[in-house]
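Notes follow the structure.
Note that the chains are named A, B, C and D in the order they appear, and that numbering of residues resets to 1 at the start of each chain.
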Amino acid sequence: MNHRRCATLALAAAVWGAPLAAAPAKGKAALQKTKAEAIASIERHRAELVSLSDQVWGFAETALRETRSAKVLADYAEQQGFRVERGVAGMPTAFIASYGEGRPVIGIMGEYDALPGLSQKAVPSREILAEGAPGHGCGHNLFGAASLGAAVAIKEAIAAGKLAGTIRFYGTPAEESVGGKVYMVRAGLFKDVDVALAWHPDTENRPDTQGGQAIVDMIVEFKGKTAHAAFDPWNGRSALDGLELMTHAINLMREHVKPTVRLHYVIANGGNVPNVVPEYAKLWLWVRDVERAGLEDVLARVRKAAEGAALAAGVESRITVQAGDYEMLVNQAGARLLHANLVALGPIAYTADEDKFARTLQASAGVEAKGMNTGVRSLEGQENQGGSTDVGDVSWNVPTLHVSIATAPAGVPWHAWPVVAAGGMSIGHKGMVLAAKTLATTMADLFDDAAAREAVVAEFREKTKGFTYKAYIPDSPPPLPTN
Amino acid sequence: MNHRRCATLALAAAVWGAPLAAAPAKGKAALQKTKAEAIASIERHRAELVSLSDQVWGFAETALRETRSAKVLADYAEQQGFRVERGVAGMPTAFIASYGEGRPVIGIMGEYDALPGLSQKAVPSREILAEGAPGHGCGHNLFGAASLGAAVAIKEAIAAGKLAGTIRFYGTPAEESVGGKVYMVRAGLFKDVDVALAWHPDTENRPDTQGGQAIVDMIVEFKGKTAHAAFDPWNGRSALDGLELMTHAINLMREHVKPTVRLHYVIANGGNVPNVVPEYAKLWLWVRDVERAGLEDVLARVRKAAEGAALAAGVESRITVQAGDYEMLVNQAGARLLHANLVALGPIAYTADEDKFARTLQASAGVEAKGMNTGVRSLEGQENQGGSTDVGDVSWNVPTLHVSIATAPAGVPWHAWPVVAAGGMSIGHKGMVLAAKTLATTMADLFDDAAAREAVVAEFREKTKGFTYKAYIPDSPPPLPTN
Amino acid sequence: MNHRRCATLALAAAVWGAPLAAAPAKGKAALQKTKAEAIASIERHRAELVSLSDQVWGFAETALRETRSAKVLADYAEQQGFRVERGVAGMPTAFIASYGEGRPVIGIMGEYDALPGLSQKAVPSREILAEGAPGHGCGHNLFGAASLGAAVAIKEAIAAGKLAGTIRFYGTPAEESVGGKVYMVRAGLFKDVDVALAWHPDTENRPDTQGGQAIVDMIVEFKGKTAHAAFDPWNGRSALDGLELMTHAINLMREHVKPTVRLHYVIANGGNVPNVVPEYAKLWLWVRDVERAGLEDVLARVRKAAEGAALAAGVESRITVQAGDYEMLVNQAGARLLHANLVALGPIAYTADEDKFARTLQASAGVEAKGMNTGVRSLEGQENQGGSTDVGDVSWNVPTLHVSIATAPAGVPWHAWPVVAAGGMSIGHKGMVLAAKTLATTMADLFDDAAAREAVVAEFREKTKGFTYKAYIPDSPPPLPTN
Amino acid sequence: MNHRRCATLALAAAVWGAPLAAAPAKGKAALQKTKAEAIASIERHRAELVSLSDQVWGFAETALRETRSAKVLADYAEQQGFRVERGVAGMPTAFIASYGEGRPVIGIMGEYDALPGLSQKAVPSREILAEGAPGHGCGHNLFGAASLGAAVAIKEAIAAGKLAGTIRFYGTPAEESVGGKVYMVRAGLFKDVDVALAWHPDTENRPDTQGGQAIVDMIVEFKGKTAHAAFDPWNGRSALDGLELMTHAINLMREHVKPTVRLHYVIANGGNVPNVVPEYAKLWLWVRDVERAGLEDVLARVRKAAEGAALAAGVESRITVQAGDYEMLVNQAGARLLHANLVALGPIAYTADEDKFARTLQASAGVEAKGMNTGVRSLEGQENQGGSTDVGDVSWNVPTLHVSIATAPAGVPWHAWPVVAAGGMSIGHKGMVLAAKTLATTMADLFDDAAAREAVVAEFREKTKGFTYKAYIPDSPPPLPTN
């Protein structure tokens, strides 16, 4: 979930599955053994994974500047025997690490970008580590390390001849802005993948069955004609007038869009100095809906709002879509696999200190101090909490499984210091390990159980019948950092 | 000056010419004699003119419904020997009364439409004559009678062989709305006129040297798509949204028009019932500027504001220009003739009762009770008080002279009951007689003094060089009353 | 459901109960017999009930003008032996008809007001009966007759000694505007009622388990200072400016209210003539939410929006709440009783002609021509379709059961001529009879089965614990018609 | 004229006095001799004055950072024998240089602050001297040097016993922003001054008889409550909503202020990122009118607009007046003295190269290339071109004479590179010298001719009768630069 868009604050979860109730989907002994070995692999590499996560947490590099973060992950993959291709899709911090040959090709995604201004020590009260520096307020340090850990476990199974096919780790940068995965999809890097997996740090454990929101991130620029605002304002045509008419149109439009639509904006440039009739103004606008189809309709109207506002104000407008994600295409068959494995793995046991840490964070956030969620959410009855991620774009191109794992206590604000704090200590580490195990065992299912894999793929095919993917990004390379 | 537009509230007049100082422009004895006879004619017909004025005051018929008013004036003209053509330019209450042959052709305009809801007795306090009925709140009962009286005086001079040419009285209906003269101009009825004259009731005596404002009166309609406002508002496109965006655009535009521009509107239809997303909305908008050229520029922008607002709201817009006047093209040479005659005629002498009547009106209006203005305003230093009249359109087609004569005390609100009251008694009558004499003597100049007439025409030609007239009315016949 | 607010257009209903599956809730033979006799009573009076309905349909009288409609219903009740009190709660067309003594007191409501401008013949294409006249576009002719028919059936059971207690028919006028029941509640007329019942014509058969929306209907007036819009607009303070700022505030507010809130308005007065800076402007605004609590919060903000807009425009504002309904407090125990009886009564059998009539209406509305709904909607999975009714206010004062019965084919627009047409012929009549039977049998339960009645009352008590009712109407008598 | 406010673009000047026609007001030989010697002094120091001007032009230091500029001027004054007090009124770059004793006390103001981003070489085409650096786009390098040159000439006359009294040079920083003179007035530094003088670079020679505009520069801040714009926007109250309502109110207000009022704004902060409901927004607004009285009325309404907008949006507002100037109180008696001296000094003779330079600048600005204005504008018929200066505040505290001198060709944009170019070469230098001579000879009149001085003072007293000065600045010290 990204900075621009994330909204995964877990609400009170009314319906929970019994944590130990479910049995493995298949009783096949070999597969069970492979899974047990994958779990053992992750435990064996645990210290390395924690170290990777902590390093990335310490680097705290923001979108497309994750040089060191990408390097430690890619280097580790290389050390573990993966073939690593760096700088893919035109992004220096994007990479792919592969192992094995042939089909099936199972991809697993890992993120590692931080958020600006969130520097925080791994303590349960507000203590800044480095003034003004970024911090991992969305837990992506855990995200990358866990996914890579799962990939290593599968690699070892392939190397040991227990599984056959290709495991591919996608180092996906810049989720919080830009949307690195969208560029990787466009570059064709997911083309031959049978099934892809991802997870996300959260405040509960939940195989996801809701798709969040599709989003478009756009800039609307207005260009007028300047004049002296006191001397000859009649010779001016204010770009800001155009912008204000457009925001008025947007606000009127709110009555005439479905309740699932969200429109939100800031005025990024509203003129320089009062004396001068503004010849330039800039609106930064996001549009969301739970489905891309609804979004498209609203987008078309937003475009007309810009055009009409400009016409009415005697100025010009230009819309630039600078990013955008699809809502996630949920795969129920995949969610069932994730759920079974997650339940089988059992709940995390937190120490008294960890419990106190979690409750302290909750207390400081003013929410009920009830500690960490340890149960597993049922597949039914999940509400769509909103939020957007570039995993959405992957999910419309290949069958994608997505799971959320608790790495911070319920109720604390996301994209905020408590998430940084919990993600830099053992609570985060334990969530990361559970994520790695859940992903690894589910990948074992996908490699070994052709029927299960086929069910995932068939559901995807059914749901995308007649659909053609078109990315919400400009026809240009990814924007690279200017510094 | 019309109902929609009038703004002739005389401000404190700092610069007044000495009422008796000016001598006749020409010393020619014959002309002087003709003028004296014209004045005598008006005195001779005074009772008839007062009767005509009082009848029209009593009829109090509004625009294009002035059936009886037009009839008494046209009948009187016929009785006086004029050839009368009724129902000209597609308007049953428009008529032309002519006498004489050949050039020059001098036209004189007379109005007779009343204003809705202004019924009032001829007394100096608020007393309604007939509940809800119209009243002559702009003094047009005096306007028609005075002009016709002047025409009769000239007719007698022609009949007596003192003057040669054609005198033509234009019975011009519907000044307060519609703009009857604009349709008469379009019908070519002024084509062969050498010079036209008009006057208007006022609170001071003033040969006009300011042109007022050009105006356009338009309807902007918006058409959207209805829906149930509670159940499925997302299926609706609100016409009112379009309207509100347009008014916002208009208000933003105010910063970017010259200070002489006026834009004002009311929302004539803003939806029927809240439950229904309005599929129709209607704005009634007037645009003015002191010059048509400036008006045209603003008009073009207003059209874009409507179009852009509709586009931004997802609805449709339609603009209908339903009326419009040019600003009056001032003729300075003509104003000098009017001024000389007005000064020569000397001030009106009011009785003590009339003076008391005037002061009572002023007191009730909360302004200084200083009685009637009797002086004559100088040609220089007049401020443009705004206001619009369809005489403006005539003035861009033929040289037009315009004079204002006091028929109500300074400071009382125009288009209001005090004007009705004063116009129905001797204060109004005295102003009417002075207007008739001023117009008749000035017409004598124009018939007899070729050089004076030529100066008037030459100034007009110079000022309209390269100009092409295009009326601000739809390409349709005048709107006739529906009841 | 009322004119201002109704939105009961049945959507595709995914989950239907099997029409014949359910058995009566109680097997007690006596009660079953009483029910059978009630059903027989209704069949016996069928022709009279159809006649009452058709008379009211023909009168088509709008809110608080239902003189003849109220009279035929009250007269019929009197003829049937009820004690009738007319003109209750300050409304000449409100009445109460009672029979029996002591507890329990069961009330049943009947409406009979029509909607303006909907005159239509009882034919399946648009044919106006009387130009400009009202019509029964919400089926209230059926509503009143069915409820009264049910009351008569119960009265006969009481008279026969089969049931004990008091049956009370409430003739409730002016649902479509004003909200007559709110005034009747305020007058204390429901104070001693144990349980109340109501039904409403619809396009499906559904014991209601969703409460619709609470609504407030308000007028916001702005008062400024007039001035001549061309001559001295700077001396004016436009009331319309205040109004336009308020609507802008309302539209901005849309982002910051819950998706269940609805705000909709029309501009009822937006000035008279452009020449005059408007000194008066009037907004007509409705606010709704699915719960009164949410509504109250929005209301408080709307009040500030008016106040702030006026302050910002230099004018004054005044809010008058002129009507308002609570959302309906659903009684699940009651809904189960209704469901059981409705299912037991079995589906309506339509003739081929009726079926053709229904399909013709659907075709003309552009929806799928699948004829009448005959099934019974399940209690679970009903969506809240919105819409408001003054039954809501009753439901917060006494336990209230509400059922919808199909009287028009699915998909046709409500408050429109197809509803008038179907309500004036046998499709409407059959629905009316089914409604009467459902209500009568359910009342039999309530009289006879103390446990069932107690469950209804207990649920009500539980749900209203700590709640104090305060009507959304001004502290003045009901507004009576002015003509 | 300052950066925020300047509008001295000379329009076509219809009425010009004959440059050589006027004779000295007084024939007194001694005064004439003193004037001649003052002129000679300025010629004697010419190279030094040019050097001072060029140094300040080269430093190009912006408001309150004019450290080196203030130093060279203050050092020069000290070298010339003035007593210098530096860092007055809490501003390190403000200073006062005095010479002589007793009355009369004649003050002369000099400015020296530059404008950001206007760096330009002294060549007639756009050539940047230092990228991104400031430049003297308002000619204040000439302003300071000329005024100081005039002061030195008077000092020499006092030293020589030709004049008696005190000459005081005010080094007034930060005219372009902040308004240094307002703080100097508040500190009481002008209290004992009999008459003050100032000039300004311009495109024509004009003793000023129009006062420009009073101005207030304010910040309007809105504070709301943040929330996640996709997840729970209903919990947010957008500060930007408040701001947008206020700008709407401002735009509606435009119809209801006099045509002389100007309101202009930019949106300085319109939120950070779309995902977050803005809890802070900032409007930067200037209000002007030709008279402070009118300004005060509009200010009061603007305050209510902010308050009302905040109320309507459920947020808070705060207005901070950060600067403000009075309109200049014109002194006609003083203007006559300036006019006589300016005419007597005769026109500047430009070389062919200078002429070509001026025409090249005009050509590049797209205006008629007619070279420099050399005539002297009449005192009558000057139009108020708008623009504001902190000299205005001085003028309401002591009688103030103000003259404009051509230092750039007519028609080129002010606050732009052509002004920088012309002010750094001989065209600017010649204007500076003429300004110095005009000011010196006029000061000679004021020292020597008690009647002339008394006329100036008497006019001031008459015009300020009953007036109490209150500065438009916060009750805090001047804002000092942060870097």
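Keep in mind that, in the parts below, a residue touches a chain if its C-beta (ideal position, glycine included) is under 8 Å from a C-beta of that chain, and two chains touch if they have at least 3 such contacts.
Bear in mind that the values here come from a model prediction, so they are computed numbers and not experimental data.
**Q** Among the remaining chains, which ones contact both chain B and chain C?
**A** Correct list: A, D.
**Q** So if I look at the partners of chain C and the partners of chain D, which chains show up in both lists?
**A** A, B
**Q** With centres defined by CA atoms only, which chain is the most remote from chain C?
**A** Checked the centroid distances; the maximum from chain C is D.
**Q** Per the definition at the top, count C-beta pairs in contact and tell me whether B-D or A-D has more.
**A** Of B-D and A-D, it is A-D that has more C-beta pairs in contact.
**Q** So the centre of each chain is just the mean of its C-alpha atoms; given that, what is the distance between chain A and chain B in Å?
**A** Distance between chain centres: 71 Å.
**Q** From the mean C-alpha coordinate of chain B to that of chain D, what's the distance rounded to whole Å?
**A** 48
**Q** Where the centres are mean C-alpha positions, what is the separation of chain A from chain D, in Å?
**A** Comparing mean C-alpha positions, chain D is 56 Å from chain A.
**Q** Multi-chain contacts in chain D: which residues touch at least two other chains?
**A** Residues 229, 233, 244, 248, 252, 255, 264, 277 of chain D each touch two or more of the other chains.
**Q** Classify the chain contact graph as line, ring, star, complete or other.
**A** Shape = complete; every chain linked to every other.
**Q** For chain A, which residues are in contact with chain C within the complex?
**A** Spelled out, the residues of chain A in touch with chain C are 248, 251-252, 254-255, 259-260, 263-264.
**Q** Touching chain C in the complex: which residues of chain D?
**A** Interface residues on the chain D side: 229, 233-234, 236-238, 241, 244-246, 248-249, 252-253, 255-258, 277, 301, 304-314.
**Q** Can you check the complex and tell me which residues of chain C touch chain B?
**A** Contact set of chain C toward chain B: 3-7, 9, 213, 217, 228-231, 233, 240, 244, 247-248, 262, 264-268, 270-275, 277-278, 284-286, 288, 385-388.
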